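Common to both upcoming complexes is subunit A, partnered first by subunit B, then by subunit C.
Take a look at the complex of A and B:
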């Protein structure tokens, strides 16, 4: 998913509400010293402070990575990310509603799942395989837009299917009995278990479906039910009486109540969490990294330092080239720019070394993606202008050249601060950079439409799940050049050999073999300098002082609300 | 400015200490802005060079050292996150802030005088149409309109000029209303009536008989418009629709400083203090000009004020 979508989704995970007042005012006194014990962690109200709302809280419309943060409290899916650890294993797929992560056929085109016994909705009715099938079918309805694009592409007949509301079903999802679901795919997809973590794989009872109004009160299969929902801007979740830990080994569900509040400024969230007064002592940030104000205090404040957690979400910020625009068709020019870039300045522009690591590979530096280190155009931390000048001379620009860098106007990781850092570094190599800002929405549309794509711009890509496939294919697969918009293959690369390697890697169901294949492909693509990787973000997030067992998932870089305790 | 003691305006202005302090600050700021390349050359810095070695990346890019990393080489420290020289950015920012606000004021006054004269001296229809247009521009939510205008104009258009035009075109209503009122009262005076009766054209009457009478109120009003334009420019740049990086402006520096107010207070205080000083200086000068150009205003003001306080006391 694109970075902006990733951010929206991450905000999406966040969720729940502004009414966090009354209860629990003095509940947590002195309890901060007690150690965390899952057996006695129940009770209290957890507040989630977020900048962005959840949007429509319909499992068909949510776009999450690994089931999201708040959605995973309400929607159980066939598989899910490993909730039980903040370590690297958090990037693994584990069964959720299903008994295993899926049985593939020989060539990974048919995937079979069996549901666990004893699963129930919030009204006590049992969860059947037909409910899972119906939930997925709903996500095809044009009335319920959003969600990841893969299902339409992967399931047989998905291209033409328009959802269940007009009576048609999707025959490529079979339910031979109440506990078995079989998916038939158009092509081998070893990553299917990763996709099955999406909220589209949550069961929806057909009898309770209210169409576009379902988002107001979706029927819960998880530990919490939605008791109040203001269009996702603020939400209140309370316990689901039909959920127990005995049928769910992933979620602890410690707080009795979870309140989600959005629309807050990032500085406000950080200040409230740092101060931890009143209900804020039992709060976490939904989508906000610590800022310079907090970072500067960490060295001298051990208590505050103990409340900051670090996490990773596979993502890369990069400079994209469009080789159909001169002079970026010339590999020497692209290489010269790769040498000239000052990654340290770029990292400082987005918040310093605590929240970003320099990137020389397109794949994020986590093993799950198949990370294979390479640095073909070594520029050190601050660029190698001499080498860049040399290459420019070879390319026929001995006196330097003038180019335009497009960027968004908002103060984000694709905004003017990064652009100015790049401009300054390239200037040292004799490359005069003119900045071309456009408003965020325009910027997205412009850069994702091949006919209007600028020659050189700032972009980012975040993982739909921790695997090389969803990271490389949308950017480098020639068949994913979308001429009508929404295109992320910014180099407009259509190389038969690259396409063939992507197909081969997609067939692999063994994660280790797939990782090797994706890593090798990334290393080959890197030589062509289709992009200049700038940095991988690091997530550093703050919690209130009475929050326990708070860790950040290595899958999506957000707090695992299903494991946090405030008692 | 004529220094001859015979000029009564200058004499009265000189007697006003607050106005003189304002004038001194304004002159100093103008000199500083004009001499920006000289100041930075003297310091040996420029406003765009990054200095990664002067900031601590691990703590988010806070300048190393007290007072925002102030040193013999960077007199006012460096910008957090980039290490760019603060003094260089402040003086180059002054160029933008002052030229935009002066330019916008000129546009406002020119447009306002023209429209106001036309309304005051034209026929009834012209007066009605123009007066309603003035009301419209005064009632218009200027900031909102400015934001959208700044956002839609193509990036190739020079931003400072665009800012001048947008602020100017949105802010002439007050001047126009003032000029119209003055023109209406002036046109009934004997010397104007004499000129008209002797057959002078209305344009000539306006230029020769009315404009001189307008000078005092218009100059005063312009001096008071200017600080408003300084803050408007800063506001638009603060909101990210003003001048664009890497060009420095005070509003932009303040916008960038919002996350640094705890970690690096120096970086917030410098542009904020400068903005405050500029607005205060222009306001003091404007007030001083007003009383100097219209000595009766002072006593009139005093009288109204005391009358009002008497009323308050009696209730």
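Take a look at the complex of A and C:
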């Protein structure tokens, strides 16, 4: 999230919003170009306008969901997210470098992949299984930190392995021939194909590895090569001559060139895309949702409305309880708070129903996660203070009680606006809420360290891939209570039955069966009110007027750059 | 003159040293762990220790500081684990978070901040001094009151607001200018100027107010002095009196202000850079504070401090040139 943007900018924002409304939609002109056709979509330059940079562009160091927005243009992985649709199927995992999404052994502890024929790096050398193995091994090197932790936890010997730079290899990744890779895991992991979408599964040729400098010019296996890279802040990608659609059924790679520009203010990104002048007509928003100013114009400006895409990323914002702190050890108190919460006012605090929808389940409301609807403490849109008071009386607080709600100081979804909305709603139920703000990074450290964790605070969770496992396990698996920090099991729940159900669901390799299991577990956990789910975010993003085939992926909530055309 | 320069050089060094010690102390005392930030989710003890060692934060404070000083004077080697990078003196440190030497990161951004500062200074001097002179000569009139109002409003408007409004009107609705993005002067002077026009103007609008007010009051004061009365008695023309005699004396405080402002801006103009999406020194500083990239923070603080100290010395020199009564003590 954009911590660096001065809070002060928000003031300018609000004023701009008013002015934008007053001016109507005069600037944007309709585009009269032919319909999108994949056969003739090639050409032109696509510009991506973003607030945040890409960071170090090394496949070992990147932390992406489903291969990311820009990385997936350069790094092909064993599997990938379904790029071909903006619908719910976008949350499905499909083969990329591999011929299928992986063949599991009986108990899902061994996964075998075969590489497609004819795959090449940007220099024309063939991609072999050893390159995939080496790419993964690099991600274990402490010299290249930052990637997701799963490989270390899942691969046999991963915990001790320190990367290939000191000469050792990781025997649990086998390459019996040039096109076969076999992974041996410590325990059953039905979600392995989802993990294989991460950039760590991109091939890296050992001969071209320059260690920490590799990020400056990583060797491409995808449709574009990096021709200029200013530390991930601005990047230029151009066609990879050795990539063709015949060996990649996921990416269309329409533009000849893609320019990534970051460091822009969110209001500026929206203004530029709305105005769509010059190169901005062929630009998309990289990470910025439309703001109140654009939102206000949409009703009266059909052309602008046609350039806004709505998308979803599986995430839930919630209130977290720490039951080791009184009175949150009392389930009746937690339930009373669940009844008292006014979700509509929380949603208004983060920008209204255009950007968020109320949540009563912890799992996001997408089938891929195993969404199973429930609402055990129905509070309606605006809270049920009477029911909350009743429960408080039962809990031994007939005259109400005083609690403290911790939140971050930045104007974000964990900030003061949400805290104030919760405070007001709980006040109606006789719960006096004292607010306890702390600066963002301190807030993160405090809430993720069990010894300093507050009793009641605002939190959020987004999964690394659209499945119930990475969504529920870090929050509710007792073996994932991290006492040294980085802990997200806020309830510090260590229930043997829950742990066993998580293990059982992790063994399932059939996505439909796994979805049922995760949905059931979520519903069981929901009854115990370990959290109060508040809302699921909705993404609304803008493109320039000459951009075609732009849709938001339901896997990671960003535009799929590999399918966009500017011609 | 030489004594003046020597003394200034000595005090500059002292200020730099004190600055660097303070920055180190502040960051060491702060309860942050840059290694954990770099290392990512679920980073365990051994891995964390390796990252800490790579960042150099596993050493005691005095040792970290000593290494820094040593690098500054004699250069040093940085071991990234996979390769060793040599950083020759004056080595301001190495950012492992971006894998670049700090000095390079700063100097790469300097042309942008210099373009921004100098260009804006020209605009605000024209606006500020012009408005100040007019206001002094037309004292009490409607024009003067209007000017005072405008300059006050300019002073009260923060640059991020002026910048956003200018961009929305000039780039969004009227489309007179491109949405600013930095083009180096050496690459295309016209694009350089047209892209920087709005940043210059918005910075200048905010800054000009102070210059207008200072010019006005200093000019009024000078105009009331004896030598001006004498000049008038000799029958010199009003234009010559104001521009040739009074303004020269009135400009000395303006010079001091200008030197300080320029010095400050060369060390980064964070808000202006943010609004216009420029990757300048100010932005780099804020980002580095957020990611606890200590070498970069120390480097920029020293760099900015250096500019301010130098600007002060230059101001003193110019002072002496503008007003012969002031000597270089």
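Operating definition for what follows: the second predicted complex is superposed on the first by the 535 of 567 C-alpha atoms of A that agree within 3 Å, B and C clash if a C-alpha of one lies under 4 Å from a C-alpha of the other, contacts with A are read in each partner's own complex, and residues count from 1 in each chain.
The rule is simple: a residue touches a chain if its C-beta (ideal position, glycine included) is under 8 Å from a C-beta of that chain, and two chains touch if they have at least 3 such contacts.
Quick caveat: nothing in here was measured; it's all calculated off a predicted structure.
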Requested in this report: Considering only touches as defined above, state whether A:352 meets subunit B (first), subunit C (second), both or neither.
Outcome: first
Report task. Using the superposition on chain A described above, determine whether A:452 touches subunit B (first), subunit C (second), both, or neither. Result -> neither
Query raised in the report: So, does A:298 touch the first partner subunit B, the second partner subunit C, both, or neither?
Result: first
Report task. Answer with first, second, both or neither: which of subunit B and subunit C does A:227 touch in the superposed model? Result -> neither
Query raised in the report: After superposition on the shared chain, which partner residues are touched by A:306: those of subunit B (first), subunit C (second), both, or neither?
Result: neither
Query raised in the report: When the two structures are laid over each other on chain A, which of subunit B and subunit C touches more residues of subunit A?
Result: C
Requested in this report: Using the superposition on chain A described above, determine whether A:267 touches subunit B (first), subunit C (second), both, or neither.
Outcome: both
**Report entry** Overlap of the subunit B and subunit C footprints on subunit A, listed as residue numbers
**Finding:** 267
Report summary line: Given the complex, residues on subunit B that touch subunit A span 48-50, 52, 55-62, 80-83, 151, 155, 240-241, 244-246, 255-256, 258-264
Report summary line: Note: in the complex, subunit A contacts subunit B through residues 267, 291-293, 295-299, 342, 344-345, 347-349, 351-355, 381-382, 409-411, 416-417, 419-421, 423-425, 435-439
Query - Residue numbers on subunit A that touch subunit C, as the complex places them - result: 3-6, 8-9, 11-13, 15-16, 19-20, 23, 26-27, 56, 63, 141-149, 152-153, 162, 165, 210-213, 215-216, 230-231, 233-234, 261, 263-265, 267-268, 271-272, 274-275, 277-278, 280, 441-442, 445, 482, 484-486
Report summary line: subunit A partner, complex, touching residues on subunit C are 31-32, 36-47, 50-51, 54, 80-83, 98-100, 158, 160-161, 164-165, 167-168, 171-173, 175, 178-179, 181, 271, 274-279, 283, 286-287, 290
